[in-house]
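Written below as structure tokens is the structure these notes are about.
Letters A, B, C and D name the chains as they come in the text, with residue numbers starting at 1 for each one.
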Amino acid sequence: MKNKLNLVLNIENDFVIPVNDIDIGKDFVLIAGPCSVESENQTLEIARAVKEVGANILRGGVFKPRTSPYDFQGLGKLGLKILKTASEETGLPIITEVMDVRDIELVNEYADILQIGSRNMQNYSLLKEIGKIDKPVLLKRGMNSTVNEWLNAAEYILLGGNKKVILCERGIRTFDWEYNRTLDLNSIPIIKSLTNLPIIVDPSHGTGNQSIVKPMSFAAIASGVDGLMIEVHNNPKQALSDRKQQLNLGQFKILSAKIKELYEFTKTLNQ
Amino acid sequence: MKNKLNLVLNIENDFVIPVNDIDIGKDFVLIAGPCSVESENQTLEIARAVKEVGANILRGGVFKPRTSPYDFQGLGKLGLKILKTASEETGLPIITEVMDVRDIELVNEYADILQIGSRNMQNYSLLKEIGKIDKPVLLKRGMNSTVNEWLNAAEYILLGGNKKVILCERGIRTFDWEYNRTLDLNSIPIIKSLTNLPIIVDPSHGTGNQSIVKPMSFAAIASGVDGLMIEVHNNPKQALSDRKQQLNLGQFKILSAKIKELYEFTKTLNQ
Amino acid sequence: MKNKLNLVLNIENDFVIPVNDIDIGKDFVLIAGPCSVESENQTLEIARAVKEVGANILRGGVFKPRTSPYDFQGLGKLGLKILKTASEETGLPIITEVMDVRDIELVNEYADILQIGSRNMQNYSLLKEIGKIDKPVLLKRGMNSTVNEWLNAAEYILLGGNKKVILCERGIRTFDWEYNRTLDLNSIPIIKSLTNLPIIVDPSHGTGNQSIVKPMSFAAIASGVDGLMIEVHNNPKQALSDRKQQLNLGQFKILSAKIKELYEFTKTLNQ
Amino acid sequence: MKNKLNLVLNIENDFVIPVNDIDIGKDFVLIAGPCSVESENQTLEIARAVKEVGANILRGGVFKPRTSPYDFQGLGKLGLKILKTASEETGLPIITEVMDVRDIELVNEYADILQIGSRNMQNYSLLKEIGKIDKPVLLKRGMNSTVNEWLNAAEYILLGGNKKVILCERGIRTFDWEYNRTLDLNSIPIIKSLTNLPIIVDPSHGTGNQSIVKPMSFAAIASGVDGLMIEVHNNPKQALSDRKQQLNLGQFKILSAKIKELYEFTKTLNQ
């Protein structure tokens, strides 16, 4: 570590972040939901389905950081209301991304966990403001950020006073573009050796390819993560974003059962 | 180009951005100044020195995006006032970075050109707001952004109505960390073949190493750029940021004379 | 796949490579041993220890591709004899690297599997000659080779007539050098979807760090590999090469027991 | 430098390698010719044309390292004879690649400079054998080799006794694959600061794109190189390899005139 990281390196030993009925960092957390909130029907159908098979938290993007300004930019406040409806019906807490300091207050009203996306991992204005609120924050790794830079980004939030930081590995950018993404699982045990912050993996963005989400979910669990965040859609081929990487409801059902089994088994291995 | 880029690709043929007495995109522009504004004395001394040897625009950071929260974060509004004083004394227009949508109005009051830094190249909230103002914007390439992503970021600004976009190549991140940075000059003729937006190079960040700023400035000019942005400090070894890459006043004096000569010569080559 | 890969893509469905009493591609294979063969005592001690806890094949380098010409270059033919002695005593088949076309005949006399190292993955003269022999070949991925280039290298060997190719993922080179290596497990299910060639993982080179070999071995198994190759040394701190990444005998003993358990469990998950 | 590099770092001050009538390292050297030798007619036509406009050395591949075994593998010995014929007619010395230790003797009979290609930069058997011959060697940088690894490869050759090593930067592999290659010109002044070995640039492989070979040739010269190696073909669109990056004869004629002018001008800048 080239920089001092007093807070990240000294998070106390049995650090957990309670969200609803689970303790993130202690209990395995399964976050699932669509890339983008597209409509109430879509979101409700997905929320009910993932709840039924064991998801603990509902994800869904309403402010979308898109490479092109002509791509779908998200439903904004309407999307937050849809998420709230889905949450009330299913009992699932909500996680969604905030991209703009001016939206923090609004998102904070609706969401149970605020997400900082990869492209904003070094948006220091945003990190500083997020440090002032009292809600869990999921901090995704930038797609070309080193482990050290990632932990420094966490330090910005912790320094502001918010100690509820959850890290999320989501793949990095390398020379091999044929198959698009490289999920850096080496980072999991390295992060675990440096800090007690919980860390989860997003195999959907980490692969960009629904056909290998299952084995990479298994690999992530075996590497020691505290949870997974998986994109699930009721009709991936018609999705308004990330069509190639979202699982359909049937795929997620099969996967979620096996995830819990493997997690329990892995715990016995590490005893 | 995978995405439609209507505006970037259709900027009219003889596109120039007037700033003070020069037309960026037609005249060669030399931007110089310290990484960070540290004090009035420091900034004035540097401003006078770079003006005397031919710089056209004064740079200086007041809001600093730093990897660690414990590093110097910039002087903020006080820094803007110092830049203004230096501008009034020397007649040099000012460029400085804006990192936060809430600071745009303030920075816009003081600066002649607003800079979007590498870490914010995909901060789409910021790009959209910058698209609404009527001042030139320097858009730095993200350190792992493809040419296509960079042009899409420019498209966000153009789509907002602001057509005064200047691109700035500043080096990318690759596997070779021993010498730190890779200045991607291939991007210059590629960008030139795709758009008429002016493009300059920042050899200070593009090398991270003052000892090779001179040859890489020459290389950038020979590759066809419209200008250079170079970090210059009156005492680099004591600088509050970027100590290894800033030129001292004597080095800049020698370099600036040669830059103009080479630029003129290169024009004859391309006739 | 940009290139035609007739042979790689058409390896028959239940492709297995018998080595001694196991069928690679069907049975899980655990390869273990020192980075370099250093002496008879060292090699015998390690061979006995890894055999006792379940290793199926003994590895050990005798021709070493070293970045610097001043580093230990391996024992050459003497090393092969030592490996043979260890093999005869323990019954373990031997795998060792061949770097030079002129050494193939010699190595072929002693080794049960010939290894092509990362730096030679695109040494086409070597691949063509290896294609002519009738022994299993372990083809490591180049550290900046794409999946497509890797499969094309396998095609060179298959085209020569040798169908006994085992692939080995060993980590790639990315921008993050602080922790040195990135083990690209995404490649495992991708390779599995494209060919029936067996594929194993080398978590020692894939991490460069003995302290995370265990979790990454688990992750590799969960991702679906056919085996692991792990560097084990009786005294890693005094090793003549790769000191940071070799497990000691005690670490390997613990790991090998858990590996087999996890492999068996993972098979039930995928039924 | 992490490794000791006694020989590379201590090459005497005014190190030059005489080839025919020029002193490489002192005089600017322009190497030109086709990617592959395809026929006597093709090679002779190109050789005459490049000679006429100022090329000093003729290049042409006869042993070709191709990603796919189904791609054109080169004419081998017949190609060497064709090169010899072209050399005798035009007076141009010849450079060609050697990939296999068993071919060194043969290539050495025909070629004036032997080339080690990117894929073989860490083929240490080849480097050691090349170290034993008494002819200039052009050592290309591996496409993901660090500067340190490249200099260590040169050290292997020097240690064998051959002091006539010319380095050649040819672009590295990065995350940006849309435009294919990144020519790392930062390496030129860095190499110049570490050793007195001559260094040239190959802008054809460094760009992969004939349309930007001209500006990148200019940039390379301005960065301080000792020469250029450029692929030229009489009919690039029908070439058996590298169709996108070879210049036609007319393009090369224009470029070669300007190259010399710029080189002379650049020398005055550095006085």
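Note that in this section a contact is a pair of C-beta atoms (placed from the backbone, for glycine too) under 8 Å apart; a residue touches a chain by one contact, two chains touch by 3 or more.
This is a predicted model, so every value here is computed, not measured.
Taking each chain's centre as the mean of its CA atoms, D is the chain most distant from chain A. For the pairs C-D and B-D, the larger set of C-beta contacts lies at B-D. Once the centre of each chain is set as its mean CA position, chain A and chain D turn out to be 48 Å apart. Work out the mean CA point of chain B and of chain D, and you get 34 Å between them.
Shared contact sites, meaning residues of chain A that touch two or more other chains, fall at 144, 148, 173-175, 177. Across the complex, chain B is touched by residues 3-5, 65-71, 99-102, 119-120, 122-125, 143-144, 148-149, 152, 155-156, 159, 173, 175 of chain A.
Of all the residues in chain D, the ones that touch chain A in their complex are 144, 173-175, 177. Put simply, chain D touches chain B in their complex at residues 144, 146-148, 172-179, 181-190, 193, 206-207, 211-212, 215-216, 218-224, 258, 261-262, 265-266, 269.
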